[in-house]
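What follows is a group of structures, each given as structure tokens.
Each of the two complexes below includes subunit A, the first together with subunit B, the second together with subunit C.
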Partner chain A sequence: MAAADVPAVRPGAPPGSALAGALRSVGMSLLPVAAAFVVGAVVLAVTGWDPISVYRVMAREAFGSTARVESTLAAATPLLFAGLATAIAFRGGVFNIGVDGCFVLGGLAAAWLGAALTGLPGWLLIPVCVLAGMITGAVWSAPPAFLRVRLGVDEVVSTLMLNFVAIGLASWIVNTLLLAQGTANSASSPVAPQAELPGLGGDVTLGLVIALVGVVFYGVWTRWSASGYELRMTGLNPAFAQTAGISVPRVVFQAMLWSGLVAGAGGAAHALGVVHRFVDGFSPGYGFTGIAIALLARNGAVGIVLASILFGALASAGATVQLFSDIPLDIVDVLQGTIMVFAAVQVVDLRRRIRRQAA
Partner chain B sequence: MAPAIRLGAREVTRRFGGVVANDDVSLSIAPGTVHAIVGENGAGKTTLMRILYGLDRPDAGTVVVDDEPARLSGPADATRRGIGMVHQEFKLVDELTLLENLVLGHEPTRRGRIDWRRARGHAEALAGETGVALDWDLPAGRASVAVRQRLEILRLMYREADVLILDEPTAVLAPPQVAELLELLSGLRDGGRTIIFISHKLQEVLDVADTVTALRAGRVTGTVAAADADPDSLVRMMVGESVPEVRLQAREAAGAAPLLEVRGAGVRDAQGRDRLRDVSLTVHSGEVVGIAGVAGNGQDELVECVLGLRRPTAGSIVVDGADVTRSTIAQRRRHGLAYIPADRRRDGLSPTSSLLDNVAAGSQRGAELTHRGWFRRGALERRAARIVERYRVHCAGLGVPAASLSGGNQQRLILGREMEGEPRVLVASQPTRGVDVRGSAYIREQLLAVRERGGGVLLVSEELDELVALSDRIVVLARGAVTGVVSGPFEDLTELGALMTARVAV
Partner chain C sequence: MGQILAAATLAATPLLLAALGGLLNRRGGIVNIALEGKMLLGAILAVVVSAETGSWVAGLAAATVGSAFAGLLFSLAITRAGANEIIAGLGFNILVAGLIGYALDDEGTYQPAGVATIPRIDIPGIDAIPVLGDVLSDKDPITYLAWLAVPATAWFLASTRAGLRLRAAGAPGDSAYALGLRALAIRDASTVAAGAFAGLAGGQLALGLVGLFNQGMVAGRGFIALAAFYFGRARPWPTAGACAIFALFDAIQIRLQQEGFSTQLVSTLPYLVVVVVLTITAIQTQRREAPA
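This part shows the complex of A and B:
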């Protein structure tokens, strides 16, 4: 408007609305969560439960004691990997739905090597297994990445389909080539004891630390590195990125590979740290929860941590709540599903539309 | 009896935060007239129109409808009072046909089902009344911009609006289409309708308007009968002073080194049509070469080939002596190529990103801003602050999103970014489109500054006046081929006009 009256900014001036912007984005992420708990409360009330007391039980089961917090963090660990893997792709504007498949195959690779290379010492065996998981995840992401970049094949369809291929493939391998001696159920041999990730109390393992380091690096990298900048610009406006000299196909390809790599690392950490082998049904849909986490976090590093803890809390509380009370486990599914739905609707746009109508 | 004021504002003030968008604005629009609102970007034109259409409410003062103060509760209320608006961005559903779009939201029905025969009858009647012929069964997404705009106007009439507010309707049109639109508007006025028309382009305002109101910094600086006005007096009202015309000083560029050479460039599209045919041109050091032509005659393809957004199917591109035909955009930029794109919000900026991020574009691998692949924050902030200051980009901070800037400021930001590192060759496509008078003059000065310091400029513009004022030579494109090269000074524009419509033997 009267543009001449707005002073030009002097060097060194702080990016004015950074704090306000951060607060706003946190609010934007809290909105779907709050909405989900309201919907959950309605469902509970209608089915004859007292929402307040159910939520209180759940909060206690998630955070009520050191043991419960440990259990929540343990549940959050694979979700951190899955959320981070998804966020990397989403940041680059690539809708990679294939994190679950990479997670499963990365776990399979790590469990196989962990059981096969029993002669190696732990300090060598663990990195080898994790690296194998990473490579497997990245390799599994390469075909859809190539198809997208070269032939314009929609990555949503290709990666979603490849999840089923990955799960089926892993199931076949564990039932034939890697089936443990003397077991009838689909499980591979346990990994060597020195391949198990060191525990940090309760069920929490070194995997949590690896995941957190990854998330922190991701946050710094997207913000301050040239390649992170290219990823962000490609995701926000590919036409602009291209005219700025960014090779959009290369960025997209790499984002897919990094996404698969992180997912594979998550699978490896889960196999070495928690399951200690590979079993059929290795991932109860971690990759899909990862999508919800990335959406809720708006691909931000802090958001990924918070959202993973939230979903971890729901999972760990859900598991024990029904042991001590007859609260149905389904309420946890209702909450998770509702958060996903509300996170997926672009809440920002909704709000903007409401405001415009009110004006 | 007809009211004296069909629509107007009385002492309207509207503030956004600390910025006064409209300051004590009074406006009276007589029925059956074309009333033009002129003013620079950010003068408050759009805010005023939004208030008149009920999209926004004044903090003080009131809207006047039919001589009476009125409180518009929203666009629906305005529509009930016969007021309609065509926005800068059209609000059509691409997948629906023109006919479906016309009646959308107000479909004639018979026993609960849409009566398409009656809808078509309405459509034909409107078309007949306005002399506009449309292919009603064409999906809106496949219609040209001019047709879509026509449809928007007919849609208002279908909803029985007799006051039509048009926000910069000519900004998206090529010159012949502008003439047709102005004719349509005059026809509607003669049919008794009232037209409010926002524009930057003073000549078309003078051609079509009965009355002109100028805004400057949110205030009305004058209302005059178009018959008593001329472009100079309007500019003085808009800007507060007369803006000197930017024009190059002709001089001999003898012996200057060629900086950009296009050699026999051809582009054949996937359907096998030639979009660009054997185009050769050279931009020397200290030279501005203009590209003239009616929109869609190969200009975009030429620019894309030069920049590297598209690989020519024939010929080669040479920048500063190096053949870059197979080089990436990043490599070409390192050879000293810079680019001001025509579609600044799509190709020139990331609107949701901060000014810092937008300033970094193109230099994200350069030694000034990064070290071993990591940004040097201080260097980036210094560069952004320097650009904001030197190119007078008015903004609330370096962290604000680029979308929060006005169009002219966005363009200055792009200009400043691309001028960093003193490009050897600047490719500027429609650099002043949608930019106000003073902003345009500034951008033109900067283009000439590149020429002065020995750089080369390839200027693509649909405004012939701009090309004539700035170019040493003008290359005319028609149907993808060069139909002529004219050297300045350009006394007679008829030659250029003839070349623009010339047919070339294939």
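This part shows the complex of A and C:
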């Protein structure tokens, strides 16, 4: 790259310009989002809506007032956990799509203990419930991690399948062992009042803080710690990592466990902070939105926060837009699906491929 | 018993069609996570076109062609733009469900007037025989077609030039290029076929029994089909066997519920079985590769 292409680089920055790299990765993340809004605009226009004014209303409903910002942040909270959980695995080159199952079972464990241990004070009960959610999530991702590391079983299929098993299992437990007295519809008893996460204004709870602390830890860990470096190396090039003396199986195993643990914490925070019990349909696919978030963020900590806020904004704005203007909430799914399809396209590969074909 | 077998045969049809499509795609080198979305697309197209034309054949044709076309777009994203097949597949499922949900405007169900459903065929003589009659008679033509497609697929893969080329395109390494084949085009063709099969499966689901569309009607069948061809290791007969077993689980569910078993647990069985089968397969492979 010619020196003239590089914008003013901070002295001491590594060669190759971190800034240019950052700009490029931001551009690559914005591309799928832009594509999604174009597709969404076409869908809206075809069905007789003015896309610009709909998007303007959505922006206002997402960020227009303190109350709306709070609602967006509340919607972003489970997504932060799911995005972070997915990113941890993806960073290590592990294609874990079992975050949804861990989220559900973590939520179930927390809701159960939150309703059972009513004698405990809140300062003890909340950590116990969250810890139970974390352990449950980690335990649920252990079998596919073990199968991948020991037997080479493709984690994509095993984790995908185990999501369905987790959802069925949770549904069975809530309908038999934990069914609340007097409810017909698949819900556990509400958690004790002191188990509910403290609110921070609007629907925002302590869960948001827990998630953000997790993201900060992740950012620091992957950037500045030896084990974080091992994770990145394993993700970038497992053969090289192995040659360099990194135990790739150990790193992969731990990445999946951490991923499950964070997902379980997310489920616990969602159960204690939002739902206050466990119900069938606890997660409307948070784990899959988490995949979209990790992709857009390219597994970076800052990106996870931004992408979670984006999807949180879409969810909260979509709900009110549906309420007031009759535009189905499904438009949010249209946007999310398009973002995933376009984010899956490797722009770099595409350019390289085109160059190779031209050569 | 007879009722269960009859119900299982009906339940097997969409699974079998979708699984055969996924199997062809898998043999061509692509794991198709988007069968679910393509079944949903096939179901809505079948209902819309059947209601418009009053012809179930036209409905099924629209479902097949429409989903095949969606399969082509999906395939081009993977083979030409280098999209990750898993993420693109998950995104495709969400996108299709979102588009259909948007179009239905939170009604969830679409039941226009004049939907022509698929007629049942009674086979005289056989319909009176216990068991055999339950399985063979009083089925829609697509069910017979689906089972005929099993030996046809086996023959196609084993004995035709196109089948050999498909397997070469999906084989690891550069064997297809070594043979001078256009691997990407072959892969595209297999994804189009998977789309067509899954679309027909969705169409049969919508027009076979009730003649309406519901957002939740595919209900994970695309993923069970995925489970089936993983169970069958992408071979036609074992895959068909898996579909039959999973359909039997489905049909037995109601009976088991009466006996006090949980439908929620029974519904997880296909998925659990796949993880077990993958594990056993991996252990066998490891034993074989380990020095004696």
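Throughout what follows, the second predicted complex is superposed on the first by the 334 of 359 C-alpha atoms of A that agree within 3 Å, B and C clash if a C-alpha of one lies under 4 Å from a C-alpha of the other, contacts with A are read in each partner's own complex, and residues count from 1 in each chain.
The definition used in the following text is that a residue touches a chain if its C-beta (ideal position, glycine included) is under 8 Å from a C-beta of that chain, and two chains touch if they have at least 3 such contacts.
Source: prediction; values computed, not measured.
Of the two partner chains placed by the overlay, neither subunit B nor subunit C lies in contact with A:Leu177. When the shared chain is aligned, subunit C comes close enough to touch A:Val341, but subunit B does not.
After overlaying the two complexes on the shared chain, residue contacts for A:Ser225 are found with subunit B alone; subunit C is out of touch.
In the superposed pair of complexes, A:Val332 makes contact with subunit C only, with no contact to subunit B.
Of the two partners subunit B and subunit C, it is C that touches the larger number of subunit A residues. By the touch criterion defined above, A:Ser247 reaches subunit B but does not reach subunit C.
Of the two partner chains, subunit C is the only one touched by A:Val165; subunit B is not. Partner subunit A is touched in their complex by these residues of subunit B: 16, 19-21, 41-42, 44, 47, 55-57, 74, 217-218, 307, 309, 328-330, 332-333, 339, 341, 346-354, 356-357, 360-362, 364-365, 370, 373-375, 377, 381-382, 385-386, 388-389, 392-400, 406, 409. Interface residues of subunit A, counted against subunit B in their complex, comprise 1-6, 8-18, 21, 224-227, 229-230, 232-233, 236-237, 239-247, 357, 359. Against subunit A, in their complex, subunit C makes its touches with residues 31, 33, 77, 81-84, 86-88, 90-106, 220, 223, 226-227, 230, 262, 264-265, 267-268, 271-272, 274-275, 278-279, 282-283, 285-286. Contacts from subunit A toward subunit C in the complex involve residues 43, 47, 95, 97, 143-144, 147, 151-154, 156-158, 160-162, 164-165, 167-169, 171-172, 175-176, 285, 288, 291-292, 295, 322, 326, 328-341, 343-346, 349-350, 353.
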